[in-house]
Amino acid sequence: MTSEHVRETLSALEGGALSLQEAETRVLDLLRRAPFEDLGFARVDHHRSIRQGCPEVVFGAGKTPAQTAAIAERIVANGDTLIVTRTGPDAFDAVRELVPDAEFHAAARIITRTTGKEPTGRGTVLIVAAGTSDLPVAEEARVAAEALGNRVDTVYDAGVAGLHRLLAEHERLAAARVVIAVAGMEGALPSVVRGLVGAPVIAVPTSIGYGASFGGLTALLGMLNGCTTGVAVVNIDNGLGAATMASLINHLT
Amino acid sequence: MTSEHVRETLSALEGGALSLQEAETRVLDLLRRAPFEDLGFARVDHHRSIRQGCPEVVFGAGKTPAQTAAIAERIVANGDTLIVTRTGPDAFDAVRELVPDAEFHAAARIITRTTGKEPTGRGTVLIVAAGTSDLPVAEEARVAAEALGNRVDTVYDAGVAGLHRLLAEHERLAAARVVIAVAGMEGALPSVVRGLVGAPVIAVPTSIGYGASFGGLTALLGMLNGCTTGVAVVNIDNGLGAATMASLINHLT
Amino acid sequence: MTSEHVRETLSALEGGALSLQEAETRVLDLLRRAPFEDLGFARVDHHRSIRQGCPEVVFGAGKTPAQTAAIAERIVANGDTLIVTRTGPDAFDAVRELVPDAEFHAAARIITRTTGKEPTGRGTVLIVAAGTSDLPVAEEARVAAEALGNRVDTVYDAGVAGLHRLLAEHERLAAARVVIAVAGMEGALPSVVRGLVGAPVIAVPTSIGYGASFGGLTALLGMLNGCTTGVAVVNIDNGLGAATMASLINHLT
Amino acid sequence: MTSEHVRETLSALEGGALSLQEAETRVLDLLRRAPFEDLGFARVDHHRSIRQGCPEVVFGAGKTPAQTAAIAERIVANGDTLIVTRTGPDAFDAVRELVPDAEFHAAARIITRTTGKEPTGRGTVLIVAAGTSDLPVAEEARVAAEALGNRVDTVYDAGVAGLHRLLAEHERLAAARVVIAVAGMEGALPSVVRGLVGAPVIAVPTSIGYGASFGGLTALLGMLNGCTTGVAVVNIDNGLGAATMASLINHLT
Amino acid sequence: MTSEHVRETLSALEGGALSLQEAETRVLDLLRRAPFEDLGFARVDHHRSIRQGCPEVVFGAGKTPAQTAAIAERIVANGDTLIVTRTGPDAFDAVRELVPDAEFHAAARIITRTTGKEPTGRGTVLIVAAGTSDLPVAEEARVAAEALGNRVDTVYDAGVAGLHRLLAEHERLAAARVVIAVAGMEGALPSVVRGLVGAPVIAVPTSIGYGASFGGLTALLGMLNGCTTGVAVVNIDNGLGAATMASLINHLT
Amino acid sequence: MTSEHVRETLSALEGGALSLQEAETRVLDLLRRAPFEDLGFARVDHHRSIRQGCPEVVFGAGKTPAQTAAIAERIVANGDTLIVTRTGPDAFDAVRELVPDAEFHAAARIITRTTGKEPTGRGTVLIVAAGTSDLPVAEEARVAAEALGNRVDTVYDAGVAGLHRLLAEHERLAAARVVIAVAGMEGALPSVVRGLVGAPVIAVPTSIGYGASFGGLTALLGMLNGCTTGVAVVNIDNGLGAATMASLINHLT
Amino acid sequence: MTSEHVRETLSALEGGALSLQEAETRVLDLLRRAPFEDLGFARVDHHRSIRQGCPEVVFGAGKTPAQTAAIAERIVANGDTLIVTRTGPDAFDAVRELVPDAEFHAAARIITRTTGKEPTGRGTVLIVAAGTSDLPVAEEARVAAEALGNRVDTVYDAGVAGLHRLLAEHERLAAARVVIAVAGMEGALPSVVRGLVGAPVIAVPTSIGYGASFGGLTALLGMLNGCTTGVAVVNIDNGLGAATMASLINHLT
Amino acid sequence: MTSEHVRETLSALEGGALSLQEAETRVLDLLRRAPFEDLGFARVDHHRSIRQGCPEVVFGAGKTPAQTAAIAERIVANGDTLIVTRTGPDAFDAVRELVPDAEFHAAARIITRTTGKEPTGRGTVLIVAAGTSDLPVAEEARVAAEALGNRVDTVYDAGVAGLHRLLAEHERLAAARVVIAVAGMEGALPSVVRGLVGAPVIAVPTSIGYGASFGGLTALLGMLNGCTTGVAVVNIDNGLGAATMASLINHLT
C-alpha cells in the first residue's frame, strides 16, 4: 500500500493535482512512519524472511490447537515453510485439517510443512547429543535444521561415558560445516567436541539431570565457561535456536 | 537533509527532470531507511525530548572527565538541560571549563545546568528516605527531579525506626502528587508510605545493608512483593530512574 | 464509637460529672490508641478507598469459594466496586449466589461487579503485550483497570518479532496517558515501548518462557535494568498491581 | 618422533631385524598412547591450529610478566600469531624485550604480533557496542578478530538510547558476514541487531551496570532469552570468545 | 541398664567379688561410652525432654501411616505428649487404631494427644498472621504451642492491608509474653508487630506469594533484614519451630 | 506537648472558653494524628524504650564521626544508654568530645556509655562462638548484651573441631537463661548447642568462610534448616540483633 | 579390528606386498585415530571396567522399559554385573523377560543382576543416614555398593535428633573402612560422623527438607563447608555416586 | 582427672568411707558428663589424631601472627606435625621465632614443620591441575599432602587446552593410588581424569575464571554433575580438604 500511496502522490504532483508543498507534506508524513506502518501481516513475513535469513517459526506452547492451525494456514497460504515447535498431537490434528500435507515429528514435538526443495545450505550441520535423555532437544534441532534447508547428520549418545563413540566418528565430525552439541549434566560435551573439529560449535544445554543440575543451569554455566574457544551457547533446551543459528552459518556463501 | 532530498526529488519530477518511475524509486528508497538515517546527533536529542518527555541524561560512570565535558558541552550548546549522574569532582572540573555555569551536587553525585525556568510539573514530588545511609540515592532523585522541572519536597530519615516522623508529616504527604520512597534493608518503606497517601509511589531499593541484604536484592524483592498496590519499582540505587518516572507522572496534564 | 466516647467525656466534664483530671486521663488514653481502635471493618474500607485512591481488591488464590463469596457480599453491600483476582469458575458460582450481577472474566481470572459509572480516569490506559502466552496477565491488567474506572485500549501480540505491529499503532500509542507493557522472555518490550511514547510505562514481567527464563526472573531483571528511563516495574505476573498503579496515575488531576 | 619410531620399526621389520610379532607389539603400543604422547609443546600448537582453525591464545590474567613473555617468545619463534588477552603494560614491557615488534592495544588489554598477512576471512566482522563503558570488551573482540585474520568494522555507542545511530548504519550492517553485539544492562542489543540483519549474531554480555545487573548476569540471561532466533551467546565480558567464534564463521568457505 | 551395671559393679567391689583394679576398669569403660550407649529408645526421649525442655515431635512428612502410628504408640506408652506434624487423615486413621484418644487438627495438619494438664507456660503466646493463606502455618504453630503447654491467643488476617485490625488488638498484643508473627509476600509483619510490643517476636516466613516471592525466600530475607531489633526468624513455613522456640521462652522462670 | 494541648482544651471547655462543639473538634483532630504528630525527637526515644523494651541503638556504618557524635550527645542528654555499633576509632574520638565518659570496645566495634546500673536481666546470657574469626560478631553481641543490662558469659573457640571444650563447660551451659550461638562455615553450632541445653538459642551466622560459604549464606541456610527445634536465627553478622533478642528474653519476668 | 589391520599391514610389508612408504602411511593413519576407533560397544565396556575400576551403570530415568531391557540384556550377555538405577517396576518387568534372574530393589529403585561372587572389597562400607525420609538415597547407595562387590553395614535414622543411636554404634563405626553419610536439612551429619571415625567419609546431600532447604542445596552447601576435614561430597540424592566412590576406595589394596 | 575421681570413689567404697548409694551417685554423675569433661587441651589433640587419622590443621586466615605463632608453638611442643594454611610471610616470621625449623611454602601459603619421617601412605597421591592460575590451590594440596605423610606427584597445566600433556603422562596417572584434580572455569577436568584412571578422584573447584564462573560456583556445580562416577568434591579452593581426604584414603591398609 505504501508504494501505491507514493505513486498516487507523485502522479498527482506530476499531473498538477497537488502542489509541490502538498506533495512534500505527504511524503514527509510517510517517511515519519515507514517502513512499518502500512505493512500487512503477510507482507511482513516475506520481508523478514529476506531481511533475517529465515522464515517465521511458531512457538506452539501456550497456543490452542485452533490458534496454531489458523496461524499455520496463513503461513502456508503465503508459500512459506511451516515450522511449529513445542507442539503436540492435538495441535497437529487441528493443523492437518487446514494443511493436509503437514507432518508431525513426535520426538521433536514439531509440525512442519516444507516446500520440498533441495537443501540450500552449503554443508552439513552435525548434531551431537550426550545421552538418550537429551534426544527431544537434539531432535528439535535436527527437524528444525532440515526444515530450514540443511543437510543434517547426527551422532547421538556420545557423552563423556561414550566418548569413544564420538571419536570413532571422526570422519563425520570432520565433514561438518557447523556442529550443534547438546548436553545436560555438567555440559562438558561442546568443549570436547570443539577440541576435535575445525567448525564452529553451537552449544545447547538441556534440563536433563538432577540435584545440583538445577534444571539445566549447571550445564548452561559450564558451557559458557568452557576453556575452548569457538563455542557459543543458546538457551536451555533451545534446540530451535541452535538450529536457526547453525542454518544461518551454513547458508553463508 | 531528508526534507531537502524530498523537495529536490519532487521539484525534479515537477520540472520534468525526473520521470515518475525515477521519482518513485527515490522516494521508496528514502522510505526504506527513514526516519533515522538523515538525523544528525543534535536533532535526535530534540526529537527524543519531544517524543519521550524528558531530556537525555548522561550516565557519568565509566566516562573520562574529558568525554563527560565534551558531551556536556554539546548538550548545553543545543539549549538543553544538562544532567550528568554518577559523576565526581574531576569530571565537574572538566565540565566547568566548557560549561562555566554548571553546578555540582556532591551528595547526589550529579552535575546539572538547568535552563532556569520555573518548575513545569503540576504538583510536588515528595522523596521519602528510610535512613541517612540512603541519602546519596535520595539526593540523586531529588536533584534530578528538580532539574527535570519539578518542585520537590523531602522527608528523610523516616524508616520504620522513625515512623512517627513520617506520620508527623501527614500534611506534606497529602500534598504530594507523586512519591518516591527510598529504602534499603528489607524495603518495607514504600508499602507503608503507600498505605498513607493517595498518590502513586515509585520505590527505589538501595544497596544499603549487610549480611542477607545481598547488595539491595532483599530490598528489591521486598518492594516487588509488597501487599499494598499502587507501588512500582526501579533498579537498585536508581535515584535517577525514579526521578524520571516521577517527573513524567507529575507533568501529565 | 470514638467520637461518642469523646463527646460523652467532654459532656461529663462540662456537666461536672468528671473532674478535669479524670477527663484528661480518658482523652490521653484514647490518644494512645487512636486512630485505629474504634474503626469497624466496613468503615475501614471506605476510609482506605478515600485515603489510598482505590478500593480493596480480593486476592482469590488460597480462599475457598465460600470465603470469597462472603467477602464479596460484604463489599457489594457497602456500595463498593468488587474486584476478585486469581479466581475461577467455582468461586464465581458461589459469588453469583450472593451477588447476582457479578461478572466473570475467564481469561483474566477476575470476578467484578462495578458500579456502572462512566470511566473516571482522565485519559486512556494502553496495555501492550508481547505474545499470546502473556494474555492472562495482560487481561488481568485490562479488566482490573476498567473496573477501577479507566478507559483501556490494548495492543496485543506486539513483541520483538512483531514490532511492526506496535509501530503501526503509533496513533494509539500517542493517545495513551499511561502504558502498561507486559512481556516474558528477556523483557525488552517496556524499554522499546517507552522509547516510542511520552507517557510513563508500567512494566509487568511474566513467567512465560523456558530454560533460563527462570519463571520470569530474567524478564524482571531485564526490565529493571533497561537503559530507557521512565519505566517502573511490578512483580512477576502482577497484572493487578500494574492496573492499580496505572489507574492512580490516570486519575491524577 | 612418532613417525621416526614408526619408520624405524617398519624398516627393522622389512630388513628382518624385527620379527612380525615384535613389530606388531611395538606398533600396538604406539597405538595405545598416540596421538598425544610424542608431541612436544611447539608441535601441539601447530596441530591445534590446523585442527581447530585458530591459533593458541594466551590468557594473561594471573600470569607474571616473565611467564607471559616466555610463552610469547616460544609462540613467535614457531612463526605463529601472538595474542595475549587480559594483560597490561608491565607484561608488554617484558614481552617487548623478547618480541621487539609486539604491539600493545591498551583499550583492549591485548598484546599481539601478527604475521602481517592480508585478512583471510571471506567477509567483514561487524562489532556493535551499546555504550562507551562496553568499549574494553568490544575492543578485545576487535583486536582479537583482526589478529585472527578478519576485516573488522565497528559501530559503537549504539544502544537503545542511540538506536537511530545503529539504524543509520544500515549499509554497514548489511555488509557484515557476522555480527558481534556487545552490551551490558538488560542485554537487549543483540535481539535488536539480529532483527535488522541477515547475518548470525554473537552476543557478548558485559559486566557493565549496577544494582540488579549483578555483574552481567542480567545481560547474560536477557541475551539467552531473546525472542529473536539467530543469536548465540558467550561468557560475560568474553570479547575474545566472540571474536574466535566470529572468525571461525567468517573463514568458512 | 547403665545404672544396673554400675550398681552391680559397685556391689561386687563392695562384696569383694571384684578387685579395685577390675572395678575401675569396668567403670572407666562405661565412662568412655556413656551417656548414650546403654540407653534404649524410650529412655532417650525422657532424657531429652528433661535436657532440652520439650518432648520429641514426629515429622510426619515422608512416613507411612503405619510408621507414624507405631512411633505414636511408643511415645504415648511412655506417658509423653504426642505431636505429629505435616501429617494427614490417613495417618490419623492409623494412629487412632493404636491411640484412640488422639486428635487431628486438620487446618494445622497435626495429630496430638496431650496429657491433659493445665498450661505450664507462664504467660500467653500470641500468634499474629498476615493473611488467610498463611493460616496452615499459623495453625501449626498454634496447635503445637498448645500441645507444648502454653496458653495461646491468635490475631489472624492482620497484614499490612488490615493493620488497623492488629492495632485494634493492642490489649491482646500487650498481654503476650512472646509473639509469633507469620507472613508471606514481603515479610514486613514481624517488624511492624515488634514495633508495637515489648515482647520478643519469632518470625515465620511462609511460602505464600507468587512471582518474585520465590517460595518464601523474599519473606525470609525481608524478616532477616528488618530494621527493628528483637526479632528472630525460623525456616519458611516452620510453624512448629516457632512454637517450640516460643514455648521455651514462655516456660522460662 | 500533646498532654498540654489536651489539658488546655479541657480547661477551656471547663472554664467555658470553648464550646462543647469546639472542644470536640480539637480532641478529634488530635486523635486523628496522635500519638506521633506532636512528639519531639527526644520524647520518642523514651516512648520506644518503654514500648519496645530496649533503647535506640545507633547503626554507625555510613554515618560521619560528626553525625555519630551529635546523635550520641542527644541520647546521653536524655539519660539513655548509648550504644553505637559498626563504628570505629574516628567516630569514638568525635563522640568523646561530647560524651567524655563514653567507652570504645575495639573488637566489638561498639561505643557505649551505660548508666552504670546493676544488670537488670534475670539470668545469664551465654555467648558461644565457633572460631577465633567469629570473635568480632561474638563481641558485638557480648558488649551490646551487657550494655542492655545483662550478665554475660562467653565460651569462645568451641566449634565442631573443639566440641570437647564446649562439652567441658556443661555447668556454664546449664546456667544460661538464653544462649547466643555464633558460627560461620556450615553453621552447625547452634543445633549442637541446643541439643545440650534447656535454654532457647539465638543463632548468628557469620560471613566467615570461603568458597561456597558465600559470605555467610551457607551458615544462614544451615541454621534455618537445623533439625533441632528451639533455635531462631538473625541476619548474618548481626551480633546486635542477637543481643537484643536475648536481652528481651532475659528480662522476661 | 585394529590389531588385525596392524598385523595385515605388517604382514604385507614383510611379504613385500606393501612398500615401506605405504605401510608407514597406513600405520600413521591408525595412529591418528587410535585408541578409540576400532573398539566395538562390548569391548569398550570390558576396557572401562578394567580402566576405571567399576562396571557401567545404567541411569534408568528417561529410558523406556524396552530401552532399559535391551541395554540390560547386552550387559548381562557380556558377563558383566548389571546395575540399573532410578528405575521402577515397569522397567523391571521388561528386564525380567530378557534377564530372568534380575532382582528389583524397590526402596532403592535399582535393578541388579550380580555375578554372585563373594565381596571383593577389603573392608566394610558403612552407610549412615539421618532420617527415614533419606532412606531411598541411602538404599540406592547400599544396593549399589553391594552390587559393586562390597560388604555393607547400615546405621539408619541417626541424625542429630538421634545422635545417641549413632554413638551407641561406635563399634560398627570403628569397623568401617569407608563411610557414606546421607542427610538432608542442614547436612551436618557427615561432619559429626567424620569427627567420630578414622575412615574417609563420602557425604550425600538429599533433597529432603522444606522451605529454605531449596531441594537439597542447603545440605549440599553445608557439607561442602563443614569444618571437619576428611569429607568429600557428591551430587544431591546421588547414592550411586557415593557407592562407586566408596567401592573404589574399599577395593584399594 | 576422671580416672583419679573413679579410683578415689571406688577406694572409698571399698574402704567403707562411702556407702554403695553414695558411690553409685558419684559414678552416675561422672557418666552423665564423660567422656569429654576431664580432657585438657593437649590430650584432645592426641586423641583426635588417633581417632580421626590426621593431625589438627591451623586455619591461618583471620588470625594475627602472634596468635598463629602461639598455637604453632603448642602443637610442636606436643611433638605433632605443624600445618598452618592460608597464611603469609608475617605469620611465618612470628612462627619462626618460636619454631625455628618451621618452613614457609609461599605458593601454597602454608607453614609446616614435619617430624621428618618417611612417607607413611601406601601409594602416591597425584595432583593434576588445569591451569597456571590454579597453582596456589594445587600447591596447598601438595604441601599439605606431603606434610600428612604422602608421596606426591604433580601434573600441572593439564587442562582441556593441554589434554595431550595429561594423556602423555599415562604412566604417572596409572601409578597413583588417589588423584586430586584441581580446576576452575567449567570444572570438567576431574571427569576427564577419572575417565583415564582406576583410582578415586577428589575434585577441587577453584575460584579462577571470570564472568559467569561466579567465583568457582560454576566449577563446583560442574564437578558435582559430572557423569563419570568415582569422583567426590570438596569446597571451592579447598586444597587442604582434598589433601586430607586423599591422605586418609592413601593410608588405608
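The chains carry the letters A, B, C, D, E, F, G and H, assigned in the order they are written, with residues numbered from 1 in each.
Definition applied: a residue touches a chain if its C-beta (ideal position, glycine included) is under 8 Å from a C-beta of that chain, and two chains touch if they have at least 3 such contacts.
None of the values given here were measured: they were computed from a predicted structure.
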item	value
Chains in simultaneous contact with chain C and chain H	A, D, E, F
Chain whose mean Cα position lies farthest from chain E	D
Whole-Å separation of chain centres (CA-atom averages), chain E against chain G	40
Chain D and chain F, separation of their C-alpha mean positions in angstrom	56
Contacts with 2+ other chains: residues of chain E	33, 35, 131, 161, 163, 195, 211-213, 217, 220, 224-225, 228, 235-236
Which pairs of chains touch, using the document's own definition	A-B, A-C, A-D, A-G, A-H, B-C, B-D, B-E, B-F, C-D, C-E, C-F, D-G, D-H, E-F, E-G, E-H, F-G, F-H, G-H
Footprint of chain A on chain C - complex, ascending	131-133, 161-164, 167-168, 170, 208, 210-213
Touch list for chain D against partner chain H, complex	33, 35-37, 39, 44, 56, 59, 61-63, 67, 205, 207, 215-217, 220, 235-238
Residue ranges of chain A touching chain H (in the complex, touch as defined)	130-131, 159-161, 163, 185-188, 191-192, 195, 209, 211-214, 217-219, 221-228
List of chain C residues in touch with chain F within their complex	2-3, 6-7, 10-11, 13-14, 20, 23-24, 27-28, 30-32, 34-35
Sites on chain F touched by chain E in the complex	50-54, 57, 123, 177, 194-200, 202-203, 220, 224-225, 228-236, 240-242, 244-245, 248-249, 252
